[in-house]
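Shared chain: chain A. Partners: chain B in the first complex, chain C in the second.
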Partner chain A sequence: MVCETVKIINQTGLHARPANVFVKEAISHKGCAISIQKDGRQFNGKSIVSVLSACVKCGNEIKIVADGEGEEEALRDMVAAVNSGLGE
Partner chain B sequence: MNEKVNELPGILILSHGPLCTAMIESAKMIVGETPNVTALPFRAEDDLEQYGLRANAIYSAMPEGSIVLYDLFSGTPFNQMMARCGGRPIDGLCGASLPVLLDALSMRECMSGDALVRALEESAHAGIVNVRTFMQDTLQV
Partner chain C sequence: MSMVFQGRGVSEGMAMGAVFLLAQQTLKAPDTPARDPETEVEQFEAAMARTQARLQDLYDQACRKLGKKEAEIFDAHLTFLQDEYSVSMPIEELIRADKLTAAQAVQRQFDALADMFRALDDELMSERAADAEDLKQQLLRAILGLPEQDVTRLDQDVILLADELMPSDTVRMDVSHVVGLATRLGGVTAHTAVIARTLGIPAVVGLTGWEAQVENGAQAILDGTTGRLIVAPSREEQEACAAARAEAERQTQELAAFRNRPTVTSDGVHVGLFANIGSPEEAGTSAALGAEGVGLFRSEFLFMDREDLPTEEEQFCAYRKALEAMGGKPVVVRTLDVGGDKKLPALPLPREDNPFLGCRAIRMTLKRPDLFRPQLRALLRASAYGTLHIMFPMISGLGELRAAKAMLEQERRQLQGDGVPMGPVKVGIMVEIPAAAVMADQFAKEVDFFSIGTNDLIQYTLAAERGNEHVADLYTAYHPAVLRLIAATAKAARDNGILCGMCGEAAGDARLTAALVGMGLGELSMSPRLIPKLRKLLSEWTMDQCRQRAEELLSLPDEAAVKRYLEQAG
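Let's look at the complex of A and B:
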């Protein structure tokens, strides 16, 4: 299991469309569970409903956790996606 | 249509009136194109039997592992699907909503059939939020 903390740069936080980009990226890593942790709670990174439930605002920090096959690559891709603004 | 799209489990949405069609339009605003997703609205003038037969025919033509989302348990679209399915197992969920559809659209890329429906049960619950409770717990209002 590997993890990294990242800061959300999207002006309006993780709303539906960037959350969908996040989930799409997570789902592309099929053998690896992806989750996010925020304020002591854990959310399924492969569910847009779960990701939205995290209520992530601009400037918030989230911990991305990758666990399973190709976890290093998965984490690297997830962090890159967040840092690139998730399509926005 | 490419091979990957053909293998993607289909999603059939059945509803009273145009809710199913509108749900797909709303989902497209968030996720873009939605291949292998079909809406079949039940209209007041529709013949019950023909509606059920058509719904079953659409589902039968979908890839293995496809699912059906119904707007309302025990409503006419659900009842007609059940009445005309000939007793074969159909993976589906009553209580179709935008949160459920959004998760179905993404999760079907890594699961299908009963496993997908079970995951969507969680999505359905997670998508319902008591706003007063949320404000009290999160915003300290």
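Let's look at the complex of A and C:
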């Protein structure tokens, strides 16, 4: 299991399009569970409903956790996606 | 015999067409026993496939017809539906473990999701709750095999009648044949109202009593101005409607030439004719109608018709949208003006014996920095996207103005420190309390502009409440006391080199226009559809004539004399 803390830079936070992009990226890493932690609570990174319900706002920090096959690469991709603005 | 139903007009105009009843939106899963789980699961999967295909189709259509931004909602719905952890897995589990039918399982899971989103108590999340409701309806329709009502290809003009219109309804509408919208639910800022104003067709919301009465295909007239739906209109009513439409058309044609040009008097003096708006969408329509700016953006509309308060982010988006729609033309946003007759479901305020003399507008927001600061921040952030003017309502003394300005300055510094881009912002006050009008020379030294709010100025000057029918005859802009306060305010502004505008009803009163300009008002803000008419009118007056008219009006002894004068002078 690997993890890294990142800051969400999107204006609307992790909502709408950025959330969709995040989840699609997570789903593309089959065989590896991806979750996010915010304020001590854990959310399924491959479920749009779960990611939205985390209510992540612009400037919030979240911890991305990857666990399973290819977890290093998955984490690297997820962090890169967040830092590049999730398609915005 | 014609039947008349009364609602609330939210988009003006008249339309005649056949009633198109859109089915009740709220389907419920029937209380039938489940068949064997595999059959139910298969039915659920088939419904999922159909719904996904339909959403994809809606997305493609919306991209083509409305653009990518408007289409996003369907993409979001599609992603939601494809979330197996929240949709297919739990629903199939409910079918297998709890022996539910496909429809019952869908209903239970989506209700749970909607409840979960609502419990998060966040504006964006309540939109997701609405998405869950919408998707539940779409899936139930697919499972129950109910036919999709086709509004995409219509062969005659129709008035859509429904409980409520969803984005998935309006995006598919054949806009060349939908001539009016009427719904049982919704308010001024509801989706229906916004879409109708954007399309320029009449709309009425809050229309009740028609449910069991009106048949599909019945001929009807929808009047978005009076808020009436007339079903099976008499020949006279039809003729009146046709005549009203012809007249409106004739005026539009006649005034078309005055739409997109600056407003100037016949001797070349420029006067700004601005629009009063309540939503960012209306900024777009106003610009199209030839408004030279927005003189009053009633920010309280963003707070109405909803159970929660808009976030800073949401407000920022709305202000930015309005500023961008006006493309650099000035937009005057009035900070939250509630209390008095304007109540918010999301903001219960203590009951007051005299609400109009109570803790409303700036008085309330100064006491509630938790409301005021986010609004100021949203405004400052939006200022980077156009020409923003901020206006404080209900100012009675310099202390209030200074307190509000200090708060604005603190937020500006904070944002500047955070490196947030901002544009120059002008700050002004609404002159609507007689005290402010009397002291205008002092205020003029501390603000960039005035805007006279006649609706309240009249009621406070004449001590006659706007909505009270027993004193309705006393409430008038034609009282010389009101006219003199306007003139004094305009003079104080001129003496101090600042702009004085007006944004109450009187600003759109064609009989007063010349006199108001003569008093020195440089900007009149009104319902945007009045603009071409007043622009034409002003093009026929010289400044000297305007000044003379003002002088004559201000010398009259009472309201009756003013009325008589205006009637005779034409």
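Just so it is clear, the second predicted complex is superposed on the first by the 88 of 88 C-alpha atoms of A that agree within 3 Å, B and C clash if a C-alpha of one lies under 4 Å from a C-alpha of the other, contacts with A are read in each partner's own complex, and residues count from 1 in each chain.
Here is the rule we go by: a residue touches a chain if its C-beta (ideal position, glycine included) is under 8 Å from a C-beta of that chain, and two chains touch if they have at least 3 such contacts.
This structure is a prediction, so every number in the text was calculated from the model and none was measured.
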item	value
Partner chain(s) touched by A:K30 [first = chain B, second = chain C, both, neither]	first
Touched partner set for A:C55, first chain B, second chain C, both or neither	both
Chain B versus chain C as contact partner of A:S47, first or second or both or neither	both
Winner by number of chain A residues touched, once chain B and chain C are compared	C
Which of chain B and chain C A:M1 touches, first, second, both or neither	neither
First (chain B), second (chain C), both or neither touched by A:Q11	second
Overlap of the chain B and chain C footprints on chain A, listed as residue numbers	16-17, 20, 23-24, 46-50, 53, 55
Interface residues, chain A side, partner chain C - complex	11-13, 15-17, 20, 23-24, 44, 46-50, 52-53, 55, 57-58
Parts of chain C lying in touch with chain A, wherever the complex brings them together	72, 75-76, 79-80, 83-87, 113, 116-117, 120, 122, 124-125, 128, 313
Interface residues, chain A side, partner chain B - complex	16-17, 20, 23-24, 27, 30, 46-50, 53, 55
Chain A partner contacts - residues on chain B that touch it in the complex	30-31, 99-100, 102-103, 106-107, 109-110, 119, 122-123, 126-127, 129, 138
